[in-house]
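Pasting the structures here.
Paired with chain B in one complex and with chain C in the other, chain A is shared by the two complexes that follow.
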Partner chain A sequence: MTLSAHFPVLQVVVPLVSAPLAVLARRATAAYAIVMFASWIAFGLAIALTMQVRSEGVVSYPIGNWPPPWGIEYRIDALSSFVLLLVSAVAAVVLPYCRRSIEHEVPREQHYLFYSMFALCLAGLLGIAATGDAFNAFVFIEISALASYVLIALGRDRKALVASYQYLILGTIGATFFVIGIGMLYLMTGTLNLADMSERLAATSDLRPVLTAAAFITVGMSLKLALFPLHQWLPNAYTYAPSAVSAFIAATGTKVSIYVLMRFYFSVFGAGLVFELAVGEVLLVLSLAAMFIASAIAVVQSDFKKLLAYSSVAQVGYITLGLSLESVSGLTASIVHLVNHGMTKAGLFMLVGGAVLVTGGSGMDRLAGLRRTMPLTSFGIVLGGLGLIGIPGTAGFISKWQLVLAAMERQEWWLVFAIVASSLLAVAYVWRFVEVAYFREPSNPADRRREAPATMLVPAVMVIAASIYFGLDSSLTLGGAATAADFLLGTSR
Partner chain B sequence: MNQFGALSYAITVFLMVAGLYIVIARNNLIKTLVGLSIFQTAVYLLYIAPAKLPGGTAPVISAEFDAYSSPLPHVLILTAIVVGVATMALGLAIVVRIYEAYGTIEEDEILNRDREAR
Partner chain C sequence: MSTDSIAVCLMLPLAAAGGIALANNRPNLREAVSLVASAALVLALLGLEPAVLAGNRPTLDLIEVMPGLVIAFEVEPLGLLFALVAAFLWFASAVYSIGYMRGNGEAHQTRFYLCFALALAATVAIAFSANAFTLLLFYEALTFVTYPLVTHHGDAEARNGGRTYLAFLLGTSVLFLLPAVIFTWHAAGTTDFRAGGILPEGMAPAAAAVLLAMYVFGIGKAALMPFHRWLPAAMVAPTPVSALLHAVAVVKAGVFSIVKIVVYLFGLDLLGGVSTHWLTATAGFTVIAASVVALGADNLKRRLAYSTVSQLAYVVLASALLTPLSIVGAALHIVSHAFGKITLFFAAGSIYTATGKTNVSQLDGIGLRMPWTMGAFAIGALSMIGLPPAAGFVSKWYMLSGAMSQAHWAAVMVIVASTLLNAAYLLPIVYRAFFRGVDADSKPHGEAPLPIVLALVITAAATLMIFFMPGVPLALAHALAFGACE
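Presenting the complex of A and B:
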């Protein structure tokens, strides 16, 4: 076997090994270098795997050479390579940003632990996407979740501790529901390999435990992905976490949970079975509630990070809405919005992190007159905000347009109207920032122009620029999403 | 299903619901964690109990036995226990930090103190 045959496992192992190495290094700079190196390798591997999947189809890797379904299998297909690419790309961009950002937020003697936790979180998220084994997925979910609780608790405000605690309780309930669902599937089929499980489920006549399992997995993952009204943990966690952590987790954490849900719906249960259970209708109602209610709550926030957090709940609504439409175009919209929103929100949280560093807080009053003091940051935030609204030319437009197409395909005009109307609410909350930053005078007129440090500003601007680029040329994102959706529904029963 | 199977399911469901109820109903951060732990333990039982085959032995091939219990659920739950211990350790550590920062571990008092601080 050549080295390239081991890419699927290296994808997870490289960041995983970098975590203990970072602890052993102890010095902040050394730990930073190790984790940075590992995450760039992970990004390279994700690109290589995506190419491999494109040319050869599904890549299967038996861990320890134990053939599936007995051994654990890593299985990379069109969807998982897409998610691997998103997660590792965000990590590779956020890490350079981390260095200056956490110097202001985390005590220096804890820096090496921060990087170690970051690497663990990354390894967990990549593992979820790479694995083809149900129990292995649970373990990776817990690895990434435990690491993210620690990362959130590192925030400066004491409220970060409470936010982290709440996330720990709700996250653990979610993961436990998930493992109950897997337990039932395991008892019914006697296998943990997802592909094998799917085949054996097709032959099962006793549907009741299977439907119960589907319900448990849906509720458990809905908690993790912050589906309205199970989003209670999210706003505080995103608001009080260190800026770099908000950017990383907002862009990847909930998205990977949505991936798990898609994986189980289409690759294990099969679309026929899941949507027979009225999952589509429930998801549709909750998604619409998220789009409107969470956006409305976002409008009245007095803290900009919290505003963005509620906007994340609303944007997750668009993703689950696409999932609920039970069509290739709906699923394409979901998958492409996964990436587009992840990118836009990462950029926004990174820019706000820069503003927090300079102005000392993310309250709206602190951001007054930001145009004067930080023109580039303000402009970036406005561009990102346009992406949240879905203005043509931004990545957000591509996914919303795809969603509208999916709704039109089903002849549901009221749904098209709802998507457009909820975007107007996004205009309202983005306008809050524009009004404060552009039309109000700085609270201290003596403040001179002072942008965030270059190591923070450059990655943030790169991400926002990428979100504009993918709004103009969507062949990579939309094309990839369409292939993944085709593949998922094509192989689904 | 024999009566032991039914009994083990009944215990599993009782522990599961009791644990989840404690998590929701209790205000004290430590008690919430205790509830969470009971909830997780119920899942261990959900996996372990069905793994016992009446008359089955440990999976060591021998001419004297023809029924073997599957060892896999035990291995899975060993992993789940490790996850549970890690969650509990982290949860308790965060509660200690919360106590240092707020001087209380009652959820409503913590909210009150945040409100007063504003």
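Presenting the complex of A and C:
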């Protein structure tokens, strides 16, 4: 086997190995270098795998040369390569940002631990997307979750501990539901390989345990992906985590959980069975609730990071809404919004992180008059905000267009109206920032112009620029999403 | 070669914005950039005119955003006409702004000129958009680049005005215009503007009527009631902004889009089978109601703002009549109202700069002290009313002819009644200015600074010119209306 044949496993192993290496290195700089190097390799591998999937179709990799379904199989298809690309790209751009950012938030003697946890979290998220094995997926979910509990707890504010604890409890409940669901599937099929499981399920006549398994997995993953009203852990976690962690987790954590849900719905249970369960209707209602209620809550927040966090709950609603439409175009909208929103929100959290570093907090009062002190950061946040609204020319618009189109295909006119109406709430919460930053005077008028350090500002601006670029040329994002959606529904029963 | 000239027309305002930013600390150079760029834009647009009149449609495809959905530009007669008006008046208001912004000691002048240039870039892009998607893109862009201009003063009043501005413009476009464009794409598989329309012939009349309503009300910039309130709210902006943007570029982008959508997306034939009585009724109501509000407004800018609401509804009314003659009238009214109204706003700003007065009731005898300003105001007023020898007469003539050819007597009545109302809210100002004695307690003052007076005279003269020599606008309007019906 050539080296390129091992890419699927290297994708996960490289960041995984960098975690203990970072611990061994002890020194902050060395740990930082190791993990950053690993994350860039992971990004390169994700690109290589995406191209491989494009040219050759599904890439299957038997771990330890044990052929599936006996051994663990890594299976990269159009959807998983898309998610791998998102996760590794966000990690690759957040890591350079980390350095200066955590110097202000994490005691120096803990830096190597921070990088090690970051690497573990990254490895876990990549593993979830790469694996074709149900239990392996559970293990990676736990790896990434445990690492993220630690990362969130490292936040400077003591409330970070409570937030992390909250997340730990709810995340564990979610994982437990998930593993119970997998246990039932194993009981019914005797296999853990997803592809094999799918084939055997087709031959199962007793549906009740299978439906129960679907329900458990849905609830478990809904907790993880912060589907309204199971989102209670998210706002505090995003608000009190260190800035770099907020950016990374907001862009990837919930997105990977949505991936798991899609994977089980379409590649294991099959669209027919899942939507017979009225999952579509439930998702539809909860998604709409998220879009309206979470957005409305976002409007009244007095802390900007928390505002963004509630906005994330609302935006997850758009993703699950696309999923609930049971069509290729709906699924395409979901998948493309994974990336578009992940990108936009990562950029926003990174910019806010810079503002936190300079002004000392993310409360709206701290951000008053930000245009004076940090004009570039303020403008970047406005551009990102326009993306959240879905203004033409931003990545968010591509998602909205696709989602509205999917609703129109189903002739659901009221839904079209609901989608566009909810984006007006996004205008309301984005404009809170605009009015605070552009119309209020800085709380300390003596403040001079001072942007965040270049190592933070440049990656953040790059991400925001990318969110504009993908709003103007969507061939990579929308094209990739459409291929993935076609593939998922095409192979689904 | 034509493709290049489109690029030049689009780039000129953008380049001007860059130049203005670079010349931040050198005010004279900064203003020179605006003047040169606007003059160059007028020339570049005039260079396109012969080819367009000869039936050519230069195109420029920029980026394919989604498969089949391209940011693309195409120059057709209506767009060229609109761009010409905007560019010419950009020049006039660049002259005017020098006097106004310096005369009133306004802050943040670089930001002001920068956003102004960006607004022009968006306007030209709207004028040239080859499909509804491109139009939507730059329509929203125009909202955002004009927002800092509306809120220029940065105080609570400006912020509230800005909120209303954004709530109405963004609210209508997100709620109605965006779904309308997506529905067009869904139904026709394209959003291209094509002569004769693109919507499928078999489209149910009810669906077409709903879609038309979504477009007409989604384009909040056209200020059709009940979505007109942003326009008076936007009057918190400095006067050059009210003059160029809220009498010309932004509002005209609205009615321009409506005319373009009626002619090139629906096509007059398709709409012939659709009930549009509700639209003529709404437009007619807006014409009359806004005039009545204007009649009662004492603040001069507010009166002019409601007059704009009323005059914009003329254009919508004319295009809803769906005859080639009324389409010519609609296109011409975009031009004639622009010149007349900018003159009126320039005069309002001139009065404010020279005297600090903002209300109609304060203007007794002002014409004797500011003869140029009030003379220009009188010409603008004539044009609004539609009397010769001003531009408004030409467009009203075509609109009336269109209404009569359709035997649409209600529309005729509306136009006639509103003409009387226009006279009732504008002529008393002229009367006050020239035929009433000066307040005893008012301080003596003279004319406004020279650039202001110069700009006023230019636009007032152009208002008269269009009446005597309507060649270019008329030719383009004919090419639009009769070309579209072939």
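Here is the rule we use: the second predicted complex is superposed on the first by the 493 of 493 C-alpha atoms of A that agree within 3 Å, B and C clash if a C-alpha of one lies under 4 Å from a C-alpha of the other, contacts with A are read in each partner's own complex, and residues count from 1 in each chain.
Please note the rule applied: contacts are C-beta pairs under 8 Å (C-beta built on N, C-alpha and C of every residue); 3 or more make two chains touch, one makes a residue touch a chain.
None of the values given here were measured: they were computed from a predicted structure.
Using the contact criterion defined above for the overlaid structures, shared-chain residue A:Val416 touches chain C, although it does not reach chain B.
Looking at the shared chain after the overlay, A:Val427 reaches chain C, while chain B stays out of its contact range.
By the touch criterion stated above, A:Ser164 is placed in contact with chain B alone, chain C being left untouched. With both structures placed on the common chain, the touch criterion links A:Ala89 to neither chain B nor chain C. Of the two partner chains, neither chain B nor chain C is touched by A:Leu367.
Once the two complexes are overlaid on the shared chain, A:Glu142 sits against chain B while remaining clear of chain C. In the superposition on chain A, A:Thr172 makes contact with chain B only, not with chain C.
Contact residues of chain B toward chain A in the complex are 16, 20, 23, 29, 32-33, 36, 39-40, 43, 46-47, 50, 70, 73, 76, 79-80, 83, 86-87, 90-91, 94-95, 97-98, 101-102, 110, 114.
Against chain A, the residues of chain C that register as touching in their complex are 63-67, 71, 133, 136-137, 140-141, 144, 151, 154, 159, 163, 166, 170-171, 174-175, 178-179, 182-183, 185-186. Listed in rising order, the residues of chain A touching chain C in the complex are 386, 389, 391-393, 398, 400-401, 404-405, 408-409, 416-417, 420-421, 423-424, 427, 431, 435, 438-439, 471-475, 478-479.
Every residue of chain A that touches chain B in the complex is listed here, in rising order: 135, 138-139, 142, 146, 149-150, 153, 158-159, 161-162, 164-165, 168-169, 172-173, 176, 179-180, 183, 186-187, 190, 192.
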